[in-house]
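Shared between the two complexes below is chain A, which has chain B as its partner in the first and chain C in the second.
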Partner chain A sequence: MSGWRGGWRGLIVPAVLLLLGEAAFRVFGYVGDTLAPPSAIFRGFAEAIGDGTMVATTLQTFATVLGGTVLGAVFGVVVGCALGFWNLLYRFAYITIECLRPIPSVALLPLSLMIFGFGYKMEIAIVGFATAWPFLILTYSAISQVEPRLLEVAKVFGFGPFQTAWKLVLPAAAPRLMTALRLCIGIALVVAVTTEIVSNPQGLGHELMIAQETLRPHRMLAYLVLVGVIGWGLNNLLLALQSWMFRHRGEIDTEVAA
Partner chain B sequence: MKRGFTFPGLAFLQGLVGLAVFVGVWHLIAVSGAVPRAFLPSPEATWNAFVRGVTVGDMREQLLGTVLRMINGWLLASLVGIALGAAIGISQTLRNYLRPTLAFARALPASAVVPVAIALVGLTPGMVLGVIVFGSIWPTLLATVQGFAMVDPRLVEVSRALHLSRFGFIWKIGLPNAVPDIITGMRLSLTVALILAIVGEMLAGQEGLGKAILLAARMFRAPDLYAGIVLLGLVGLVSSYGLLLVERRVARWRR
Partner chain C sequence: MSGNSGSVVIEFRDVGLYLGGKEITQNIEFNVRKGEFVCVIGASGCGKTTLLRLVSGLYQPTTGSVYVDGKKVEGPSRDVAIVFQDYSRALLPWRTAAGNVSLALEAIGVPRSERADRINALLGKVGLAQHAAKYPSQLSGGMQQRLQIARSLAQGASILLMDEPFGALDAMTRQSLQDEVLDLAADSGATVLFVTHDLEEALYLGDRVVALYSNPGRIARIVDIPLTRPRNQLSTREEPDFLHLRRELFGLMEEIHA
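This part shows the complex of A and B:
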């Protein structure tokens, strides 16, 4: 994010939008079942926290995001390492990977639903599929760009592939893996909420859908705001963590991608 | 992340062999019965379902429906995104005021606005298009802002010396400078547009591949389901690879 010296100015636009929203409802006295003024949205928050559903559904979505990201990370890092170490394997696998990677994750939703039924498993499988690719590709590219002299050092020390991976390559690839983690947490949240909205009856996405279907717009908008705050907060948290972890290394790859 | 196919003969052949091995393993697992046939049909069954769908079934119409929905939403999002992005990008003041709001909107999972859109508009094609536009606008918009904000200060001075109007600056200096960023953003936007097109079809029952695979899964017609997934994968592959080619051409032309 280049050249943002905004400070407090950034808060003006959201504040004005909130006030305008509130004023519009007060002036026109609009009572409908599609939208709600900000004050009602605050009430929606209080309501959903009060009856315990907000905390419970947030935890459900978090569990899926975490489980799916771990699944994707394990698969992506392991396969990425294998492809990085054995170039021949990479050459045989790259077309297959390039064919599988663009499959939109939601296209797997009916399949996953058919195999696992409703619940955590089907959602974690889809999130795992979606997050595996960034991990795989960033791991592979990190390994293939490791200083060749380091690998020679490993040879001189007589390291096996496992030791080389653990002692040399992973530390060298760590900044990029952290970038992958940040991107993937964002992707995981999007995929989880999408799965919940389309079919899986749990978590924040389902709660959003229920609030809409039961004509409680204040509650629906409260959940929408919550989902946005979570997405935004997770990204900033991981950005902060990233720059803190690699503060001694200087240049960090904070490229906006995904 | 900017890797794609390269075509140095041997490596490409090896890649194809790898793909053949993948399909072969898929075949072996399917015929061995290790995985129930209802969950994993053989590659042949999938191919037959695909051929049947394209020749006598309505797979062509469904494909067209999904692709048109995706492209319409994406083009609209690109136009609005580039225009807004240019307006925000050339002004440091606007950027200061809007950046946190934009960062928030970008972090919001686009499918989360689907319930709101349903409440506002109902289950209509317009709702689906609106959601696609809203969801896929952010990568292009933010990339455009970035591209315009990163114009070399010397070029800004040049434009002042030439007394270029604001519009002239956008058209003659800002836009050419931002094109690579914009295309990268548009490539990401297209991926989002495809996903939202599928989600929209599944939720609003619009005719397309998204709805087709959902129905195939409900009726346990695994070969049709797999054919649909493969086709959607192809749509994703062709669209992102096409834009990657454009991106590379632009990068070369700039040097």
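This part shows the complex of A and C:
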């Protein structure tokens, strides 16, 4: 599997870094509010799992990542398909899209906060906005890059637009759509945690901030590690799913990093 | 089979085509009779493939008309099937061999309950009965092209267009596929218009050979091939008529390429 492409050798560097870090703390005896030795970070994990906050906040962040990605996917894939099928529509819409797309999703925080208040809705809206554009662009390009020969096959068989889309275009675009999903899940996690750090009082980002503000760096770093592990895990899960789903096809682009 | 007697099924009447301001074909005029096997040869870029696209309705002529069964061609028809050279792009990589054949049956509205038997029969005809559950990526080039042939037969068309179908295959595979196509055409009584750049292939397969000049594509010569059927890879290619025609057309081909 791609995440383990280097096999067990990939684990050597992190293990050595952990040992060096621990040794440095022991030798130089650092005590402070920003860093903590690996052993303390493990203790931070144990504490946060023990009092239930780690599981609860992880589920909160997961819920917004999923909700926001679904929202972004529905909008982005539907609009991206429409633009891919009807090129005239693309010509009408592209300037609007190119103007909306560069807006940093976090810049919508004040607006979303005013509309929805604190909680899931405002965060899902922001994650949805952040993921909608990559979904839209990648769907559009997936549809427009469908092998022209397949479209001729559809014509020769006399398929109408609906059958052509359902039987040929969408299945042909499916691997690229899965790549879009994988990239967007990564973006969703970044945006969700950022929103939680900046304002929304829930989830992993908020918990990370609380740990920092209450001067518990070992706990803060435990959350930091957790966010990294979740991102890595989601990507690998989707990569595995992708290569399983499309195992019969010759060429697929599972190599794009998230 | 070699028919001076059959009725005309494909008719080119003074056909000219411009694409993007460039003249692709000029004054194409010839007929193909029912059950005839006609080969079109010429240098690459001489508009051989264009002739097939005109018959299949993928292109509309700029001047003149193409008639199939006495009706002017205005779009793809169920009665005209086409086999593309690039089998790997024309097949659906997400469908098994059976699924690919099924596509043609779906196109002509065969009820689901009847599809399985017909798929088995068609795959049997091209020697792929054992490979129904395999995906195109698991088949060799020759098998993929056999699969595409089975798919076009599934359409039940009486006219089969073949666009350099064996161009990408090795010599041995090409020879066995040539014989299989001759058998299939003889069994079904289909009319075949077969494009190739290989002079010997054209002589071996055809009842008549249409040779084209390039830039723009226009008819250089139409030659009857009086070789007996069934043809045989060894004895046919040693017949005096074969050698004589090969010599005669070889000179013409050199002139065409000059």
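Keep in mind that, in the parts below, the second predicted complex is superposed on the first by the 228 of 258 C-alpha atoms of A that agree within 3 Å, B and C clash if a C-alpha of one lies under 4 Å from a C-alpha of the other, contacts with A are read in each partner's own complex, and residues count from 1 in each chain.
Here is the rule we use: a contact is a pair of C-beta atoms (placed from the backbone, for glycine too) under 8 Å apart; a residue touches a chain by one contact, two chains touch by 3 or more.
None of the values given here were measured: they were computed from a predicted structure.
Asks: Counting residues of chain A in contact, which comes out ahead: chain B or chain C?
Replies: Touched residues of chain A are more numerous for B.
Asks: Could you look at A:Val227 and tell me whether it touches chain B, chain C, both or neither (first, second, both, neither)?
Replies: In the superposition, A:Val227 contacts chain B only.
Asks: Kindly classify A:Gly158 by the partners it touches after superposition: chain B alone (first), chain C alone (second), both, or neither?
Replies: Touch status of A:Gly158: second partner only.
Asks: Once chain A of both complexes is superposed, is A:Glu147 in touch with chain B (first), chain C (second), both, or neither?
Replies: second
Asks: Quick check on the superposed pair: does A:Pro171 touch chain B, chain C, both, or neither? Answer first, second, both or neither.
Replies: second
Asks: Touch check for A:Leu238: first (chain B), second (chain C), both, or neither?
Replies: A:Leu238: touches no partner chain.
Asks: Check whether A:His248 is in contact with chain B, with chain C, with both or with neither, and answer first, second, both or neither.
Replies: second
Asks: For chain B, which residues are in contact with chain A within the complex?
Replies: By the definition above, chain B touches chain A via 1, 3-5, 11-12, 14-19, 21-22, 38-39, 92, 95-101, 103-105, 107-116, 118-120, 142-143, 146, 149-150, 188, 191, 194-195, 198-199, 202-203, 209-210, 213-214, 216-218, 220, 222, 225-226, 228-229, 232-233, 236-237, 240.
Asks: Going by the contact rule at the top, pick out the chain A residues touching chain C in the complex.
Replies: Residues in contact with chain C: 147, 149-150, 152-153, 155-159, 167-168, 171-172, 174, 246, 248-250.
Asks: Sort out for me which residues of chain A touch chain B in the complex.
Replies: Spelled out, the residues of chain A in touch with chain B are 1-7, 9-14, 33-35, 88, 91-96, 98-100, 102-111, 113-115, 134, 137-138, 141, 186, 189-190, 193-194, 197-199, 204-205, 208-209, 211-212, 217, 220-221, 223-224, 227-228, 231-232, 235, 256-258.
Asks: Quick check on the complex: what are the chain C residues that touch chain A?
Replies: It comes out as residues 56, 58, 76-78, 80-82, 84, 86, 88-90, 92-94, 103-104, 106-107, 135, 137-138, 155.
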